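In the two complexes below, chain A is the common chain; its partner is chain B in one and chain C in the other.
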Partner chain A sequence: MQKLGDFKVPHFFNYPPYYTLQPVKETREKQVQLWKELILDYCRNQKIFVIGLEEDYPLFSNPVIERSLSHEARKVFLNALVAEGHAEWMDKSHKKCLILWLRIQDWAAYILNFVKENGFEDSVMTVEDIRSGIETRGTELAGIDRGVLMRALRLLEQKGKAAIFKGTSADDEGVKFSA
Partner chain B sequence: MAANWLPPVLLTASGRPVFLPGEIERCLLSAVDLEAEENPALPTLRSGLLVLTSHRILWIDESSSSGCAIPLAAVVHVFHPKKSLRNMFASPRVRIQVSTSPDGRVGEKGTRSEMVTIVMRGKTDPDVFYGRLLEVLRSRTWEASEESEGRERGSGSGEGSARVRMPVVGVSGILRKEQEMWESTDKSLQEAFHDLNALMSKAKEMVQLAENMRQKLLLGSNAQASANDDELGSKQEIQDWLLSVGIVSLVTKESAGALYHQQLSRQLADFVKLPLEKAGGMIALIDVYCLFNRARGTELISPEDLLQACALWEKFDVPVMLRKFDSGVMVIQNKAHSDDEVFARITSLAQKPDALLMGISPSDAALTLGIAPALAKEHMLTAESKGLLCRDVSPDGFRFYINLFKEIDPSDIYSIKTTGLVGAWVSATSTSG
Partner chain C sequence: MGNIFVKKPKITDVDRAILSLKTQRRKLARHQQQLDAVIEAEKQAARDLIREKRKDRALLALKKKKTQEELLKQVDAWLINVEQQLADIELASKQKAVFESLKAGNNAIKAIQSEINLEDVRKLMDDTEEAKAYQDEINAILGERLSAEDEEDVLAEFENLESEITLQSLPAVPASSVLSTEAARKTPKVQPEAGLQVEDKEDEVLELPEVPTTTPVPATSDDISTKATRIKVLEEPLPA
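Moving on, here comes the complex of A and B:
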């Protein structure tokens, strides 16, 4: 199977009509579904959190069959993700899209689960630790977007599962998890 | 015996009469009865279409698609449709005397005669019909055809008495050729002027008509204070004149009046059969327009006429129909034409190994199906809307592939399928390397 980086693409990646926005309703719905999945899987695998419409991604252009998704098509698929809650537009002009293969609340649950499994309740971690520390290596949390992480932590804070406070250095924050 | 007192008329599949060689339509009337008033043994023919031609008077029963004819050669005398106090409110009638054989059949050179009344129950002017009838009787066109037929038959059978042609050699040959040329030119000039005279007399009528109308209108606008009766009368006359001129005064519209579109519709249905077969069951309307007008030669029809004629097909039982695609393209197709059959052929074409890899373009389909590329594209777009194909738009152009989306399961997109359309596609793409 073909690869983009170390990401394995599904077989229909080389099917030319996949790259043309289908006008027929049923066909379009299927096409959108497939692209949504592919985008989320790819971003999760490559740790891509933001997709810029003006930028090129190997996912959207297929040199083997010489086809690429039009601007309009990309917008359609990203909007579909936004509607599901798996993405958010970062600006009014819809040029940048935040990809949430896990939604914020899913991230919060994931963090909580990670904390429980590794016995980090009642301990303090810095936000940076969570993002790039040894403990999180190999998990989804490694390389997580800082903005996304903060939102997830705040959600936990609201639920009383965590407490955020300013750290020793000026630009780092710490989190204390409670059971 | 009494039932077939008139010789029958052959009709085409669309209900148009089959004409004799050289026979031309002169007048059409609807809702006409034929009665043999003085002989109750002969049945009355009710409410049919009357077609006056240069050779016969045809009576057609549209509901049963049958008809009969009175050969003009059998007409002995025509009586003028006098208007009298008695028959002012009745339907206009024209009575003709026809010769019959001893057993009551109408035909020329009969020994007895019958009186036939043509009762015009539709909205027609009996004087116009009467005038036309007199014209065709006077011109005796059927005799000319009989003569030429006789000549042909005669020259065919009499081999020994074939015309001996003078050898066309030498100066006498040249002179003879010149002579023949002059004679034929003279003849055709005469014929041309004959037609021209007819045209001139019609033109005179038209001019007179226009002049009358102008006068009436002038009078109408000047004499505002005239009595109401007068105004009503003039309005009615103007309407009558307008009707007699016709909406668009073409020769054919004059002869058929309001029936023009009906007859055109039937004629079109007959004409379109052969081109339809050649084109595989479907032709674009624009192509029919060109073909039909080219075949007509002189009495060209307008696009609106064509559309109206096609629209009328719904009312008749003809084997063709007009169809409009979503894109706006209009075609004429056989009623028996099956879309599903075309789709089956397209999808099987789309599943060939080459097509799986590269897709098919409308011109590829046109070549394989044997139809015009524009129509092939329509079929493919329709197949797409049914979910059989999907499109691929690229700098290379517009192509269609067999629809694989249907078979792909969104919850399991990474497994390699080996069955179904997707399996075929995967193996086709992998073998190509």
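Moving on, here comes the complex of A and C:
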């Protein structure tokens, strides 16, 4: 099985047909489904949050069989992800796509769970600490995109589970979680 | 959405202080990494310069490295201070939490106790005692109805039973004729295995044998077994 870095690639990655958009409806659906999952898994594994259509990713091309996904194919798959709620276009021209293998509410739930498990209720953490601190090492939160994190935290704020605040001007933003 | 204000956790000054400290901690850590990188770079530069035989430049690089190392030590010390303070704050806030809970518990006890007036309790106990005494009186009066004769009979039976029990715990009491020699050997202490003279007469006389004047000698084993069985016979309850 081929590997993209540490990532184990599924079988279909090596089949040329999967790189061309299939005309037949059923095959197309299957193809889209497989690619959607692959994109999400890969991004989760590699901690990729943004996919730029202009950029190249090892994910989209397989040099061994000399095939790569066309611009249009990528758009199709990414659009499918957006429809599912697992991605968002960051700009009108659909050049950059924010990948959310966990949707924002899933992230919020994940954060809440993390707080509960580790006894961080009623304690203050800086946003940077959540992103790259010792406490989150080894969890999905390590290396999370700041924008995604802030959105998840704001969602928690709306629900009343957290409060975002700033101390003095030099301080990072802080989050206080409630029990 | 006016509810949000109430539901969100409140941010206190303590929280802001903690935030400041944590931010500072992060910045110091970053600074440490930067200094580490510079130190390494200067070391490398010094090595290269020595190889190129530019001793004065090499010395300069080493001096720069030294100042960076001093600075790093300073940053390390600050970082420890910050961590210490964070730990202290956390300890203090936990102490406060414990104190608050204890206080609340104490208040709860006081509130519950205040509902029970000590005077009321005393009065209650007195009333109960009075009622009990009254009840006992009534019982006594009612009890008097039982005839006096019955009372005597009961007492007599009680005494009989008492004596029976004492009888059973003692060895079989020899009947009135205590004159046999074997009986004379019996020790004052209760020893059923020793030679006991037992009469088949059914007497309830509790006469004990006289204190032996000679040293008691245990009887032969044959003697003991027969006597043992005869003892058993006598130990049936005697008619009143």
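Note that in this section the second predicted complex is superposed on the first by the 174 of 179 C-alpha atoms of A that agree within 3 Å, B and C clash if a C-alpha of one lies under 4 Å from a C-alpha of the other, contacts with A are read in each partner's own complex, and residues count from 1 in each chain.
Quick note on the criterion: contacts are C-beta pairs under 8 Å (C-beta built on N, C-alpha and C of every residue); 3 or more make two chains touch, one makes a residue touch a chain.
It should be emphasised that the depicted structure is a prediction, and the values quoted were computed from it without experimental measurement.
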Counting only touches as set out at the top, which of chain B and chain C does A:Gln158 meet: first, second, both, neither?
second
Once chain A of both complexes is superposed, is A:Pro10 in touch with chain B (first), chain C (second), both, or neither?
first
Is A:Asp122 in contact with chain B, with chain C, with both, or with neither (first, second, both, neither)?
second
On the A-aligned overlay, A:Glu140 touches which partner chain: chain B = first, chain C = second, or both, or neither?
neither
Mind working out whether A:Asp106 is in touch with chain B, chain C, both or neither, as first, second, both or neither?
neither
Between chain B and chain C, whom does A:Phe177 touch in the aligned arrangement: first, second, both, or neither?
second
Tell me the contact category for A:Leu34 with respect to chain B and chain C: first, second, both or neither.
first
Give every residue of chain B touching chain A within the complex, in rising order.
359, 384-385, 387, 390-394, 399, 401, 403-406, 408, 410, 413-414, 416-417, 422, 425-426, 429
What part of chain A is in contact with chain B in the complex they form?
1, 8, 10-12, 14-17, 19-20, 22-24, 26-27, 30-31, 33-34, 37-38, 66-67
Of all residues in chain C, which touch chain A in the complex?
1, 3-4, 7-11, 15-20, 22-23, 26
With touch defined as at the start, can you tell me which chain A residues reach chain C in the complex?
122-126, 128-129, 133, 157-160, 162-163, 165-168, 170-172, 174, 176-178
